[in-house]
């Protein structure tokens, strides 16, 4: 269980205080898939970095399985938005996936198996020897996902991972993430600014206000577990949920402007 | 096929023409200080391929190699230390900028006082000149490690040696290589200069001896040998760079095409 | 904040060099304390010979730099504008460039003795390549679309150089000047030191000959200050010349 | 190729600095004094020419002398040949080498000679006080510092080694300027030094001891150095050379006869401290070159392998 309790983050620079996150509290059940959406610039990335232990909060706490997060905790993986910068350009694809396992002290044979499996799972079974920059953007993000899979995390955080890939690739990757989640049984927190994506992917959607960020609404997505791009998106319930999230975000934007 | 021929022709054409011009223009030269190229080429072999190769050329190159290697280790090591700490960086930066700005040859007389006139002094001279470009470029490179990659290492708990090897050093390697290239030309300069000051062997020493003994064709051959060595070492450097930085050039080309 | 820390660093460095010889960590004879060096420096600054030497050094340096830049730009634009010439000269340039300029020392001494001319030859030789290579990069960097536009508007050759080649190459030229200024200073001082042409380098040689260790250090400090000045001035010039340019170019391994 | 390129590159540099360069090929205007530049080394040995200029020995022969200080004889020879200087001062080995390599040089006057007195010369082969080296023969396998190699110094040291019964080929030489030799000797970086005045005084001051007077060992009353000019000046203006030689001879004789004035003038063109100048041993300044000693040095240089073939000494001598 991932618990965010009273989280606040204030950036102070050049004498100006910018309150990025006001007061955020929510919980993510172990093994669940939660999407976080909010208007652009609402501090989604800040929230995710606090959860990952990459950024110390100004106030409040993040707790993972009962222990407070003060630095990157064990068993947590992050897939960053900037795939081009999160992969080591000097390592081949397989070595990129392999490096965290080496750091974790996994033995060679096991590492090999995990790397092969993870790359197969994302459909890159034949790209072991390529360098990341020889791949397209979508494929690079697949490598980043494979790296997370091979790491076998208990919690997987994804920070707008598909913001920079084209629409068709994006649909494929969404389905990939769903299947990975179902197979691995990880706790998945998925940050996005895309409302369709959030509703399509998550079991729950947490909507945020403009900064200073608060939780605007916590919505359960009662769509069936088996989802696919055609039928799920055609489902009237999908349209309804989507409309609700959309309205909430619009409201948050307006409030944000009014302030 | 024709494309290859054209390229070879373009690469060799001008050098061949220039050498030919030199050859024929100097053929009948009676000017003592501009001997015919033919004479220079004739003395080149006997002058350098023999005892002098072992007694002068190799010791010079050995000192260069030793000094350069030490400067690499020292420069990269200190550079990583300084570059990865904001405070250390802020404190040392002006001092380093100053030390780097000192033209390295002026340190020769000082180092002679301190380290005498033997191999130690000459290696120290080479280190003292080569270390700065490497050090400062390493600092800049380490400083510019990508934030996302840094975060990636943190979340995946990649630490210690693995982190130094696979994140810090590799990130900084394009800049380290730039520094190393600058250091190489400084090193060659200092190899020669240190031998012009006090020596009983070495390339620089021998060339000066030829000058003092008025053996002008031999002196020219020494100048040419130094030039060839410079060219050879820079070619060698390119081969190594190609190995070390293939990922860098590849990713840059990929970026440009996108 | 950083400036303060840097100042503290400089002071600390000076203090270290003051204390180390005083407490006997290093022999004072070879490592005079900072105060001695600075005192000596103050003494030197009061002497005419010092300023004459400074003048000679600056003259050699700037003259060499100016000649190298002028030659580098003219030759670079001439070679770079004609693709065939560029292709035909590239191997020669790649060969001549790494030739260490100090290899020419015996030659210039024999030909010109201990004169400023000798040192100038070294300076120009070394600095020329820095400029030339940058200019060639700059000329090669011309946007093909801009080139086609210029052609379609039937700009003549001179207008193309004036409005297309030159503005594109300018940032590279400035970078070349910055690199050349450093190299030129090194070779100026080296020439004076080794060849004995008049200037600061020769003063260092004289100080060495008479065993005046503090004077040697004082003069080395002066050369360091020159180096810093050269860096600061040329970097500022570079920023000024490039401020409009999309990429403040870093030196990339080419 | 490089040279041509360099020449091409440097044409503007040369133009720009023509003012500081040489002005060769000047022709004497009737009535006006001939302007000549003489390349000298700032050491004791050239006191006569400074004295001669001061005393007007050149002026009265219608020669306007400018003295230019250079690093060593090896640097002066090319400058004289290229016309940058009209006359120069150099040790005789450098001249013999230059001559044998085909450089058109010609001696015009004696320079200076050793005192001829063993143990009381103006130059000496010295070791430090605690050195086990007793004679020059003990230098086999040892390192000796010489200001520059391939000149009179290493030839003379080898002569001392030979005289003491040692094998001169087994002595190693390191090039080190005179001023640094005392310190190098004291710190043990070299086993012996060959120094001239005033550095002889410095080594004596630190307790060093003389093991040989190498110039004395080389030849009796050895001519160490001489003034020379180029064949071109000689053929274009033989009359000027003649006047220069006469002025030089008068200067040499005067200096030889007035050592106190010589000492006084040394203080004016060197930085040697007054009390040291008073103590140094002065060379001898005979007016005529000791021809036999030049021949002897030529023979030694041949034996040492410095010269490839016997020198035509007669062509070089005035």
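Letters A, B, C and D mark the chains in the order given here, with residues in each chain numbered from 1 onward.
Throughout what follows, contacts are C-beta pairs under 8 Å (C-beta built on N, C-alpha and C of every residue); 3 or more make two chains touch, one makes a residue touch a chain.
Just so it is clear, the model here is predicted, and its values are computed rather than measured.
Trainee: Tell me the fewest steps from subunit A to subunit C, where a step is a jump to a chain it touches.
Mentor: So the least number of steps between the two chains is 2.
Trainee: Which chain is the middle one, judged by CA centres?
Mentor: Chain closest to the assembly's C-alpha mean: B.
Trainee: Counting C-beta pairs in contact, does C-D beat B-C or the other way around?
Mentor: Higher contact count goes to B-C.
Trainee: Taking each chain's centre as the mean of its CA atoms, which one is most distant from subunit A?
Mentor: Max centre-to-centre separation from subunit A belongs to D.
Trainee: So the centre of each chain is just the mean of its C-alpha atoms; given that, what is the distance between subunit C and subunit D in Å?
Mentor: One centre to the other, that is 37 Å.
Trainee: Starting from the mean Cα coordinates of subunit A and subunit D, work out the distance between those two points in Å.
Mentor: Chain centroid spacing, subunit A to subunit D, equals 84 Å.
Trainee: Where the CA atoms of subunit B average out and where those of subunit C average out, how many Å apart are those spots?
Mentor: 17
Trainee: Compute the distance, rounded to whole Å, between the mean C-alpha positions of subunit B and subunit D.
Mentor: Computed from C-alpha means, the inter-chain centre distance equals 38 Å.
Trainee: Going by the touch rule set out above, which residues of subunit D reach two or more other chains?
Mentor: Counting only residues that touch two or more other chains, subunit D contributes 2-3, 5, 78, 82, 177, 180, 183.
Trainee: Two-or-more-chain contact residues of subunit C, please, as numbers and ranges.
Mentor: 99, 104, 107, 109-111, 208
Trainee: Should the pattern of chain-chain touching be classed as line, ring, star, complete or other?
Mentor: Drawn as a graph, the chains match no named shape, so other.
Trainee: Please list each pair of chains that are touching.
Mentor: Pairwise, the chains that meet the contact rule are A-B, B-C, B-D, C-D.
Trainee: Where on subunit A does subunit B make contact in their complex?
Mentor: 49, 52-54, 71-72, 74, 76-78, 80, 82, 85-86, 88-91, 99-100, 102-104, 131-134, 147, 151
Trainee: Provide the residue numbers of subunit D that touch subunit C in the complex, in ascending order.
Mentor: That would be residues 2-3, 5-6, 9-10, 12-14, 16-17, 20-21, 70-71, 75, 78-79, 82, 84, 177, 179-180, 183, 271 of subunit D.
Trainee: Residue numbers of subunit B touching subunit D in their complex, please.
Mentor: Contacts found on subunit B: 15, 18-19, 21-22, 25, 32-34, 112-113, 116-118, 198-200, 205, 208-209, 211-216, 227.
Trainee: For the complex, which residues does subunit C have touching subunit B?
Mentor: Where subunit C meets subunit B, its residues are 1-2, 5-10, 12-13, 30-31, 87-92, 95, 97-107, 109-111, 185-186, 189-190, 193-194, 201, 204-205, 207-208, 213, 216-217, 219-220, 223-228, 230-231, 251-253.
Trainee: So in the complex, which bits of subunit C are touching subunit D?
Mentor: Going by the criterion above, the answer is residues 63-64, 67, 70-71, 96, 99, 104, 107, 109-117, 120-121, 124-125, 128, 196, 208-211.
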